[in-house]
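In the two complexes below, chain A is the common chain; its partner is chain B in one and chain C in the other.
Entry: the complex of A and B
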C-alpha cells in the first residue's frame, strides 16, 4: 500500500515525500518495509528509534507522534510509532520497531517526542516491552504490584493478583519528607471534588504554589482494548466506544471505530447515512462542550454556580434530540459498519422542528454564557494567562482538539483529514492564540456555534432528501473477515481531540490487535507543563480546561 | 441615649425583679430570646432557604417533597445531621479539635448582644448598649478566625491546614479595610455606640415627591457602603471570597475532617456570621431597624434587612467566580486598604469642614 493521494487544496503547501524518498532519508536504519493501509511502514533497528524519529521529525516534517502501538507476535514483539504532520495529517508514516521475543527491548522515543513517555509506559505495562533510555519506565494503568502484562501472549489471567496493602507505595513515605526543604506533599484525589472522575495528582507544594504535579491514572482502567479484541468486527465492538468518553460524546467515539473498520474492510457508507452521522456527531460535540463549560465553571466559580445548571439545561436539550435519534441518552450504539442502525425518527417533521428550535435558542444561550462567564472580570483574572501551554510544547505532547486549538494550532481532522460529510459543508475551524485556560474555554464555546452551523446544514439536506434514496446502511456481509496481516490506523476529531483506532486483522472475524489512541490521554500529559509554578486553584482550573474524561484516559 | 429601655431591663421590670437578681434574670432571658431568634433564622436558612434561593438562581426546584414548600426538611435535616456518626480522625489535636466548632458560633452569637434589632411592640430588642458597641462587635466577630485556625491546625489534614492558613490571611487582609471603613461612619455619627449610630441615621437627607430619603449612611456615602459590603463578604468568607473552604480546590478547607454535630456547629457558625455581617451592615449603613411605619414594627424591618443581605450573599455565590488566594490578598492590601483610608480621610475632611 502506498500513501493516499491528498486531494484537498490545503495540503499543497506541505511538501510530501514519497515512500522511496523517506526510505532514502532513513538509509540503513531501515531493515524492512511493513506498509499499513493508511501509511508506509518502515521496520527499523530497535536501537535506532531516536535517530529515525528525529530524522523524520526534523527533516521530513512529521511533527506529530499520534500513537505508539505495542503488540506481540508469535515470534517477536513490535512497537509502532504512528507519525503525522500537524499541517497535514493525511501524510502519515509508521515506524515499526521489532523487539526480541525473549528479551523485548527497544530504544525509547521519548527524547524526540515527549508524548512517547506515557505511551511507552502503557506499552510496557500492558504488553511488556522495555524501552531503553526511557526516563521513568514503570506501570501507568495497572497497580505497581501487578504480576505479568495482560495483553502479552503468555499472560495467565487465572493467576490471582495477590498484593497486600503494605506492598503499595505509601504516598506519605519518608522520601517526601525533606527536612531541608519547605515543600509539602499533597494528594489531590483520587477522591477530590475537582478531579472529574478518579484521577490522582501527586502534588508537591511550596506554600500554595505547585512545585511539581504528577498525574496518576488507571483507576478506571477496564481493558477496553482487550474487550474489543474479543468481539467481532461486525456487531460486537460498536457498543464499547460509547464507554470511552462517556460524556455524551458517544457517536464521535463510534465514528472512530466505524471509520477504521470501514477502511479496513473496504466498506462504502451511503451519503444519506454520512449526513445523519455528521449531524448526530455534532450534536454530541455540543453536549460534550456544554458539559466542559459547566464543569469548568464549577472549578472556577465554586459548586453552586448558576452556569453549571444553565449549561446542563442546554445539554439536556441536545440529549433529548439524541434520544429521539438513537433511542438512547448516553450509550447510543447507533452507528453500524456501513451506516447507521435506523433512519430519523418518525414523524420526521417533528424531529426537524425540534432540532431547529434548539438551534434557534442556542445563540441566546451562548450569549448568556459570554455575559455570565467569559465577560466576568473576576473570571478573566482567574483564567487569562494561567495554565499556559505554548504551541511547541502542545505539539511535543501530541495535544489535540480544543487544547491544541486553544494554543493556536490550526489542526482539526474534520477539515484536514476529511471524513463523513464535513468537506461538503460550510464551517470554520476555531483557534485562539492565548494558550491559556481562557482560550481553551473560548475555543469550546465557539465550536458549539460551528457545530450548530453544521447541524443546521445537515437538517436542510435531510429535509429535502428524496424518499427513495434514503439508504441508511450499505450492504455489509454478516461476518467480516479482513485480509490476514492488514493493519490500519485511522483517527477522527472527537470532542476532546484526535481519537484514533489501530487495528490489525489476522483473517478471523475479530481484530488481532485493537489499540485506542485517546485524546485525553495525551492531553492530560501536558498538565505538569501548565501547572508547575502556579497556585493550587490554577492547577484545578488547568485540569478543568483540559476537559479530560477518565473513562477515555484509562480505557 | 439613656431614654431607651434595653431588653433585659424590660424583662426584669415586667417580672417585677430588681437589683442583681433582676439584672441576671433579665439578661439571661433576653440573651435566650435573642439567641433563639438568630438560631431560628439559621435553622430556616441552612436546610431550607439557602437551597430554595440557590435553586431559584440556577433554574431548579430544590426541596419540595416534605411539608408545604418543603419546609419540613428543616426538622428532617436536623435529625439527619445529628444522627450521623461523629468521626474523629486519628491524630487530631484534642481538645483544640473539639473546641473549634464551639468557638465559631459562639463568637457570632456574642456579636448580636450589642446589635439594636429594633422594637417589636413595647420591647426594644437590644441586650446591651455599651459606649464602645461597634468596636465590641468587630472584636467578637474576629474571634471567628481563631476558630478556623484551630480547626485547620488540629485536624491533622493538609487541606484543613491550607484552609486555616487561607482564613488567617484573608481575615488580616480584610478586617482592616472593614474597620477603617466603619470608622468613617463613626466620624459621621460621632459615637461608637450602636444605638447612637442608628439614631444618627434618622434625619431626612432629602425629599423626593413627598417621600423622605433618610440619612442612612448608604445614601450619604455610597462609596463607603460598597467598600464595606465587599470587605464584609470577605470577612464572612462568601463568594467571591469563599477561599478558606473553596470546595473544588481544597475539598472543604478547615472543616474537611468534621462530621455530624461538629459539622453542624461549623455550618451554624457560618450562617450566624452571615447574619451578623448583615446586622453590622444594617446598623452602620442601613439605618438599623428604621423603615416606613411606626417605630414599634422596627424589628420587622431589621429582619428584612438581614435576609436581604443573606439573599445578596447567595446571589453572589450563584453568579460570581472565586478569586485566587494571591489575588484576594492583593485586592485586600493593595486595593481595599488604600481605598478605605482614602475614604476615611475624605470623610474626616468633609465632616471637619462642613459640619
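Entry: the complex of A and C
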C-alpha cells in the first residue's frame, strides 16, 4: 500500500474508542486513571489483569501487547501493559497494574497474550514483581542463582554473585511416542556459529526431529536499561542505542530514543534534519538486511560461502556512505535530540554522487542475490514451507518487522504511525503471505529495494534544499528536565521490527525508568512455535530467518 | 621474515627478473624468499623452538567466536575488503578443539563468563587470545553494569588488547599481526591476576551467599563466583 493513500482510510476501518468509552467498557475493574503522553492509562486491580486485557482485546480490538514495563516507586510496584492495534498502532492504551510494596504480586496476562510470558519473566527477574498464574516464572536474563533484583531500589550492585555451569539433564528423558522412539537432549550454543551470537537453545530431539526447543537468553545482558537510567537525556544516552541492535542498525535505534525523548520534552525537529535522518536510517536498514541475508545463507548453505562475501561487499559500500555521513563505521552516535550532529559531508556533490552510484548498482546486486539464493532449488527446498508462523500466532507473540510481514501482517510503523519524513515519500510496505522461512527472507530483500527508493528521494530533496534553510538542529536547552511524573511510550520501525522506548521522567535530567521494547525479544519467543516438529536443520533455518541480534534480545 | 627488497612496480624489471630466475632453475624460483633470508646455504641452522614459533605465528586458526558488537567488525575483518587471510590467520574454526587463537569480541557478562572459560579450556595448547574492544579491557561503556565482568582478563589470560568501540577492522588486523610477531618471538602469554575460576561448588569458601545457595546448587556443580566489590 502506498503512502499516498491518506491515513483516513485506515481510521475508517478501525473505529477508535474514546477514553471514556474504554472506561465504560472496563467498568469497575478500573480504580484510577494514569494517562501517559501517548495513551490513556487505566489503573486496575492487581487481580483483574486477565479480565481487563481480554476485554480490551476481544471487545475493543487492542490485539497487540507491545510491551510490559515494570518499575518500583517509593510506595508501590507497578506493571504497565502497553496495548496497541495491529491495524492502527496510533490507537494505544496503557493498563497500569499497581502491586503491594511489601509483597509485589499481580495477576499474569499470559493467558490473554502469549507474549506476556517472557515480558513478565523479565519483570520478575529485574524488578522482582511476581505474577500469579504465570506458567513458568523463572529468571530469564540473569543466572538462576542470582541474588536480588537489580533494577529494584534497594539493590546492592557490589554484592558477590555466583553463576553456575550446569550439566543439563533431559527433561523429556522418559518421553516415548512409541516403542521405537527415544529422545536426546542437545545443547545448541551459547557458543555456536548458527546462533548469531550468544544464544543457547535447549533442544530435545527424537531422531532428527525436534520435539521441544527452548531459547535460553541472557548471555549478553549488559544492563542497557540501567545504563540509560544513569545517563542524562541530552547527551549521555544517545551512544547506547547504537549498541542494542549492533548490526549497523545504529541510526534506526537512535531514532527510537530520539523520538521518545523529543516527544517527552516537546522538541520539534527541523524538516531538513528529518530528511537526513530518514536517509541515514534507510541506509542502516539496507546494511542490516544485507547481514541478515549473509548470515542466513551461512546458516542454510554452510561455511563462509559466496553469498556471505557478496552481501558483506554490499554492506561495506553502505558502511562507507554511513562513515562519510557520520564519521563512524558502526556506532554512529549521529542523532541529537532536535536533529543530527552535523550536516552532510563536504563536498556535498561527491557524497550525492557516491550515494547515487551505490543506488545504481543495487538492483544488479539484488538480481545477483536472487540468482544465488532465492532461485536456488536446494535453498528453496530448505526454506519453503519450513518454519511456519501463522499470522494469528505471530500477533499473539507480538512479532513485528519482517517476521510479521513475512506472515502477511501488514504492519509497518513508518507508514502506520508516521514519523520523520516517511509520510512525504513514495514507497510501499512489503508483505509476503508464505509465513515460512523463505517469505521472511524475501521480505527483507524486497525491503532493501524499498529503502533504496526512499534514499533516492531523500537525495533528490537534499540536493535541491536551499542553502540558507539547512537547519540541522533545533534549539534545545543544554540540560533537559521533563516535567515530573510524565510517562511516554514511543516506537519506531527498526530493522527487526517495532523498537519502542518507555520513559518516565521524575523532574531531574535523567529518566527515572527507561524501558526498551526490543523487537527481537518478542520475535525470538516465536521460535518454539516454528521449530517444534521440524527437522533440526529447519530449526537453524528458522532461527536464521528470525534475524535476531542478541544485543537487543538481552539488552 | 621481512625483506629489504621493496615491492617492484616496474614491469620491465619484473619480467627480466622472472626470466633470470627461471634460467637459474626451479629451486631458486620456489625458494627465493626463504633463500634470501637464509643465505646461499641449503641448510638452516636455528633453534627448534624458534622455528616452531615462526610456524605457529605464520599459520593461525581462529576460533569463530561471536559475542557482541565487535563480532560484526570481526566478520568484516574475515570477509572481503579486509581479508584477514592475507596474514595467514583467516581460517575461522567453529570448534575450539581445532583453534589456536580466540578473538574475544564483546562484553562478558556473568552468565557467559563460565561458558567462555569452558570454551577457552577446550582449546589445545599453545593457545592465544586477542581481546577485541573496550569491553574486554575494562567492561567498556558497560563497566558500571551490575551484570558485566570488568574485562575478559578477569576470566582468561589475554595476549593482545585491541582498543576501540568497536575497533575498526584495520585495528584488529594490526592486533593480529602484532600477536603473530609476539608468537614468532616466543613471548609467553600473560597470566590473569586474581581471576574468576571455574570450580566445584563444594570448594567455595562457606559464607552467607554460599549458605543461601546450598540447597539450589549441587556439591559437584561447576560455578564461578564474582566478587564485584573487588573488581577494578
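One rule holds for everything that comes next: the second predicted complex is superposed on the first by the 525 of 555 C-alpha atoms of A that agree within 3 Å, B and C clash if a C-alpha of one lies under 4 Å from a C-alpha of the other, contacts with A are read in each partner's own complex, and residues count from 1 in each chain.
Rule of thumb we're sticking to: a contact is a pair of C-beta atoms (placed from the backbone, for glycine too) under 8 Å apart; a residue touches a chain by one contact, two chains touch by 3 or more.
Just so it is clear, the structure is predicted and the values come from calculations on it, not from any experiment.
In the superposed model, A:313 makes contact with both chain B and chain C.
Residue contacts after overlaying the shared chain place A:329 against chain C, while chain B stays out of touching range. Residue contacts after overlaying the shared chain place A:504 against neither chain B nor chain C.
Shared-chain residue A:277: touches no atom of chain B or chain C. Using the contact criterion defined above for the overlaid structures, shared-chain residue A:440 touches neither chain B nor chain C, since it reaches no partner. When the two complexes are overlaid, the chain among chain B and chain C that reaches more residues of chain A is C. Of the two partner chains, chain C is the only one that A:248 touches; chain B does not reach it. By the document's definition of touching, both partners, chain B and chain C, reach A:193. Of the two partner chains, chain C is the only one touched by A:157; chain B is not. Shared contact residues of chain A with chain B and chain C: 192-193, 304, 308-309, 313. Of all residues in chain A, only 141-147, 150, 155, 157-167, 190-193, 196-198, 218-223, 226-227, 230, 239-240, 243, 246-248, 291, 304, 308-309, 312-313, 315-316, 329-331, 550-551 touch chain C in the complex they form.
Put simply, chain B touches chain A in their complex at residues 54, 57-60, 158-159, 162, 166, 239-240, 242-243, 246-251, 317-327. Residues of chain C touching chain A in their complex: 64-69, 71-73, 75-76, 78-81, 92, 94, 96, 106-107, 109-116, 118-119, 141-142, 144-148, 165-166, 168, 198, 201, 204, 209-210, 212-213, 216-217, 221-229. Touching chain B in their complex are the following residues of chain A: 184, 186, 192-194, 208, 297-306, 308-310, 313, 372-373, 376, 378-379, 381-382, 535-538, 540.
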